[in-house]
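Please go over the structures that come below.
Here come two complexes built around subunit A, the first alongside subunit B, the second alongside subunit C.
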Partner chain A sequence: MSVRQLWEGAEGDNVIMHLDGRSKLFVLFSIAILAITIDNPRTLFLLFSGTLLLHFAARTSIYKWQVMAVLLLLGLWGSMVSQALFFAQTPRTPIFMLISPDFPILGPLTNGLFIYQEGILYGAIQGLRSSIMLSMGLLICWNSDPRQLLKALMAWHLSPQVAFMLVTALRFLPVLAAEASEVITALRLRSNSKVGRQSICRHLPYVVNPLLARCLRRAQTLALSVVSRGFFLAENRKKVVWPMKEFSSCLVLALVVMVTVGSKLAYLASEQGFYVGFLRYLYDWTKLYL
Partner chain B sequence: MLTIKNVSYCYAGRNIPTLKNISIDINKREMILIAGRTGCGKSTLIKVINGLLLGNGGGQFSGEVTSKGFNILTLTPEEMGLLVGTVYQSPDDQLFAMTVEDEVGFVLENHGIASEIIKAEVTSTLKRVGLAGFEKRSIHALSGGQRQRLALASVLINKPQILILDEPVSQMNPVGVKEFLGLLKELNEVDGITIIVVEHRVHELAKYFPRLVVMYEGGIIYDGDINQAWYKVGDEIKYGLREPQNVKLCRKLALSKLTNESDEVISLIRNECCIDIIKGECEAKGAVSKAVLVAKNISYCYPGAKENTLHNVNFTLSQGETVAVMGYNGAGKSTLFNLIAGLTNLTSGELTLLGGTVADNAHKLGFLRQDPDLMLLADTVTREIHWHNKNADESQIMELMKRLDLSDKAKDFPLALSKGQRLRVVLAALLARQPKLLLLDEPTTGQDQQSMLDIKNIISEYTTSGGTVLFCTHDVELAAEIADRVFLMVKGTLLKIGTPQEVLSQKNLLLAGGLSLPPMLRISEGLKIQKCVTLEEVTRHVSKTTVGRC
Partner chain C sequence: MKIVKGGIALVVLFFTWCFLFWITGDRTPWQIFSHKNTEGVEVYLGDIPIQNYDRMGFTRGVVRYVAKNNSWIVGTERGELFCFDGKGKQVWKRSLGIGKLVTIALSKKEDLVYVGEQSPTGQLFAVDSNTGDMVWKYAAKALVGADPGSRSYPSVVHIAVDNEDNVYITAYRYLLNQDGSRGYNGKICSFSKDGAVNWQFPEKEVMDTWVNWCDVSNSAGEVVVATSAYETPLGMRYPKTMYFLNLKTGKLRHSLSLPIVAPFENTVMRGSPNYSSDGKYLAGSSSDGRAFFLNSGGEVLWTRELSLPQQVEGAWLNASGRDGFVVPEGVVFTTINTFNRENWQLPTPVLHPGNNSLFLFDFVGNFKYKYKADGTMEEIAFAKGIVACAVGRNVRTHDYKLAHGAILIKLSDGSLLKRFPTEGPVQAIDISQDGKHIGGIEAPAVTPEGKVIGAYRFHIWQYEQGVG
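Our next item is the complex of A and B:
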């Protein structure tokens, strides 16, 4: 599978692919809100597992799983390590000492370097949040036709111009990925040393120029092409009915999101002194699971 | 049908107008070929015809564009889409959906047509362009030629009266070109659609288009019968017209008529020239000396692929040689180039480059990729040529820029230049490093006649001074003219290695490699002289010294 194929929408039939664009975007937004609202690492992990189950439903290819795994693990690892080392809030419990405060030069400079238990947890929460969004984003990207999302955005009365700009980003993702790889190859070929021919990193600063110039040119052609094919005749376009099952499921999800956000707000309010006695069980539930 | 009267256009921020007082009448059921040097205003003229100029760029426009007396400049782009459909050079840039049927039905959907009607229309349009049964296919699973047909179908479904195609065949091999132009001709004759094509490959397309429009520096310097064009603008190199070889032969032999019809040329030569069937053995080009590149049983298999892309390829490339690699798209040409350049590693076999391994010496070669834009990174042409060439001699670089007609572009932003100019900038940057071996992937794609001559001269000078060139091309005439040897690749194997005369004069080989018949081969066969593939070979046998003519 090439770099380009990695970012192309999946072929064939799967349940995610056939969902209405509005359902996909609604689920994406809802899960984003949940990921921001929830602080409990176990619930976040469950939510994250749920997004991975959606990838199973979409029959994501092994190669794409591998790429996603690398991205997710890198994100999680980076977040946990950085927070474990540099967690600044209190209380914090050092569970491992990397540099003692008495260590010459570095000790006094850093006041000691420790791995903090609370930092690991905090990093895991932040990492899980970004992993949930990454996983959902890739799911939508790999299983959506740009047209499908465009229709969804237009159905929600977003201006055609803005909708087009948003969706074009998705449309160009495979092309961009392929071209970035091509540009690096071309840059390696422009290099006149053995090291330059083999290195990738040293060429990265130069990738932007050709990539951007080509993107602008491509975007202009695509815009001309869709405009002349009547894209901005939004009022003529047939209204597509949101399938009842999907609409109902989205309503349920909306309810879940509202309850979650409401509970969280009530709990935060109680912490600020706005305590309501009969909501005691809700406070407990929020503290335990959210 | 469409009248363009006294149209001038100057882009915002420029002092010189891109279009200067253009007037042209486009009639129903016409097939028009628009040609001219890169940067002469062809693309801007297309935007005038498809009505996308006014809302784009904010420049100064004057003149009239009318259809049946109605000013079409007042139409919205969507309304213009019903009159004029445009297919752009790269289908990848204009396709929007994921499946073929969604792409083709996009325009009808936007116009609020019922889904049953859309489905029926999509099926019939796909059948029309030869993509029947492809409805559910992903657009990413289509070949380049199929994508071009899909792009055509996506505008054709709107039933436009005029169809504009911007360099539609520039990336196609000769067989693909023939099929695609056959389709356009059918659309013109059966459906009555006016076809306008902008293309540099006039020599290949001439037989399909009765009318030729030649542009030069923003104006139209010829508009009329294509057969008359050769008399008026054909030999003027500044107009960038690449004449068909038959016409060139007529001109060279000073025949009484300039024509592209092979039978007519044969008849004219028989009547007006002396033919010597035994004269002029073809001299072998190129001297074989030190080996620059040796391939021994090289094979390559892409990761995850079931079959090898290259199978047991053997060849030797000597210093000073110019070798053309030819064959169908997907025959393995680019894979071979990538292996030589060290971008991928061999699966098996041995490749010796400049006496060492590819890993050790790949940086000593220059590789011009098919898409030169990706190799441009600097702000000015001069900086581009100096990039990683800090030790290059300044006078040598100036000379190089002069030879590649880039001297007046020294301060220009490379990516804002025309396609031909961009390619020459990259070529200059590669040559400034004085590489021992130059790999060129389709170096003349999108180049006008003058640019092609410049590139040919550069290659010739480079090989004369000891350099070696391996280039990949579909252009039979170019290979016949400049190559010392031709490698014909078919399905990952080297089917034939030989001189252009040996390879390009065998019809079965040309057919196997998806190549077109060199026009001079047909002429030489008709004249019953030794098989020839270049103009020079034919003129060795045919003399123009008939009494009273010269």
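Our next item is the complex of A and C:
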């Protein structure tokens, strides 16, 4: 699989691919709001597992799974390890001592290095948040034609210029990756060096200039084609109907998001003194599950 | 090779998923090898500034057991009021403002909980114990004034409730005069159950003394107020130890000055006196370490020395008396840590033999027993035949491992029934009438060695035998 194929939406036949662009974007935004709003570790874990299940539903290829696994692992473990070591809030319970405060030189310098149990969980929560977004982002990216997303944004009356720029930015990343790969291949051929990580590292400092030149050329071509096709002049676009089934599902999801955010806000308000007794079951639910 | 590497990433992701499932659940990995304290549950009460272990004014909290639904009302230094069920699950929680909650009382039917705070306005809150809804509130600022600029905050320091659910509070504010001298504004106020002010004492002025305690008896038709001002400057209008007020009108019936012992200028009471259930007697202990048993007419029936100040190597040492209760088994008094009279923070060459103790006398004043704890008796609460004691810091021995916790003592003979150890000092306690449920608030502290011990948490312990 080429670098470009890896990052671009591929043609395929699965449930996610057939969804309307608006539905996909709506789900993405909703999940983003939920990931930010929810603090409960188990609920976040379930949300994360849900996004992984969506990848199964989308029949994500094994190669893409591997790439996603590496990215998720870096995020999750990076967050957990760093928070476990440097957790600064209280209470914090050291469960393992890496460097004793009495250890020569390093001990007095660091005041001891410990793994804190609260830090692991805190790191997991932060890691799960970013993993949910990464997983959902890749799902949409791998199962959407950029035109689909452009149409969705236009249907929501987003300015054509802004919508175009958004989608172009989205498409630009795989293009950039492919261009970088081509430049490295060219440099490697010129220097007659072997394939491998070492040769990539050796050529990396020389990648910037050719890559920038190629990007500028592409941008110029793109600008000319946009102007020549009169993209921003089109006024009467054909309105695409949002399938009723998807629209109703999105309404239900919106309701879930609103209830979640609402109950969280009510709970936070209660902490600031705006407490209403009959909402105490809602506060209870929020504390336990959100 | 590439396939193997990719496969490893997927396998690691699967194990990471399992690990996340594990740590986000209730049974986390770090609990596997730990011995769970099967005697009770703990609930964390939030972050608070951790005080130095040797500090005089220390972290507080208030707790009351609600028998009607086996729940606990807990007030914190963060101004938050919680209701937990018997298993520690939060029933409701509400934030009452920016102040510290310093005193608590329940109405007779346990439908209202009264909470007093120290804050720039010094509110008294009446909160529905079922829902956490605010029923009414009253700002003690209206009674004793406020000067937030110089951190002189009004405080509702004690609440007493009579049989008709009228509420009596002592409100107080510390003043630092321009000439550097200390002063006090104190006032007693009575409220009906719906929050209407019945009366104030004094009616048109403030008491120029520190008032820390009051108790009420319907049988005696009286409210007793104890004062706590060590200095009695010339011209002081309220220099006496106790003032007895008419329950209905708040008019002064009579007052009482207790004899003074060296090196004190005045006899003061900070955590007593309290009426017996029939209202005929009063028990109180003074800060100079004496115990008093009085009748409701204010006549001292007998006095006993619990921990009289002693001069050792030129320094006056004393262990202040604090509580005084009349129970069916006799009259109970307590004392706290040993202190140097010159300055609380100064070391003492020896421990006062009467410090950190609970004493029981019979009704004619015969000594029955003394139970000595390893730390301060911060608060005591009674069930039938049992007294539960919150054992806090010992600022002299710095005994962190043995001292802290809650203890249950058999009232008839002073034997230790049960000890519930905690890492940090226990600052507040209550016990159910059947003696089976005990709730205590543990506070964190920074030791002189710089180590943080304990946490701000609420414990619920079970004592299956109960009152037997």
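Methods note: the second predicted complex is superposed on the first by the 258 of 290 C-alpha atoms of A that agree within 3 Å, B and C clash if a C-alpha of one lies under 4 Å from a C-alpha of the other, contacts with A are read in each partner's own complex, and residues count from 1 in each chain.
Everything that follows uses one rule, which is that a contact is a pair of C-beta atoms (placed from the backbone, for glycine too) under 8 Å apart; a residue touches a chain by one contact, two chains touch by 3 or more.
Bear in mind that the values here come from a model prediction, so they are computed numbers and not experimental data.
Residue contacts after overlaying the shared chain place A:Asn209 against subunit B, while subunit C stays out of touching range.
When both complexes are overlaid on chain A, the residue A:Ile105 reaches neither subunit B nor subunit C.
Of the two partner chains placed by the overlay, neither subunit B nor subunit C lies in contact with A:Val252. Legend: residue contacts after superposition of the two complexes on their common chain; A:Val227 is shown touching subunit B, with no touch to subunit C.
Of the two partner chains placed around the shared chain by superposition, subunit B is the only one that A:Pro146 touches, whereas subunit C remains out of contact.
By the touch criterion stated above, A:Pro174 is placed in contact with subunit B alone, subunit C being left untouched. Counted by residues of subunit A touched, the larger count belongs to B, out of subunit B and subunit C. Legend: residue contacts after superposition of the two complexes on their common chain; A:Cys201 is shown touching neither subunit B nor subunit C. By the touch rule above, subunit C contacts subunit A in their complex via residues 6-7, 9-10, 12-13, 16-17, 20-21, 23-25, 28, 30, 44, 47, 50, 80, 90-97, 128, 130-134, 444, 452, 455.
Touching subunit C in their complex are the following residues of subunit A: 41-42, 44-45, 48-49, 52, 62-63, 65-66, 69-70, 72-73, 76-77, 89-91, 93, 95, 117, 120-121, 124, 128, 270-273, 275-278, 280, 283-284, 287. If you check the complex, the residues on subunit A that touch subunit B are 1, 4-5, 8-9, 11, 145-147, 171, 174-175, 179, 182-183, 185-194, 196-198, 206, 209-210, 213-214, 217-218, 221-222, 224-233, 236-238.
By the touch criterion stated above, subunit B contacts subunit A in their complex at residues 50, 52, 56, 77-78, 80-81, 84-86, 88, 90, 92-94, 96-99, 102, 106-107, 109-112, 114-115, 138, 140-141, 154-155, 158, 304, 341-343, 359-360, 362-363, 366-367, 369, 371, 373-377, 387-389, 415, 429-430, 433.
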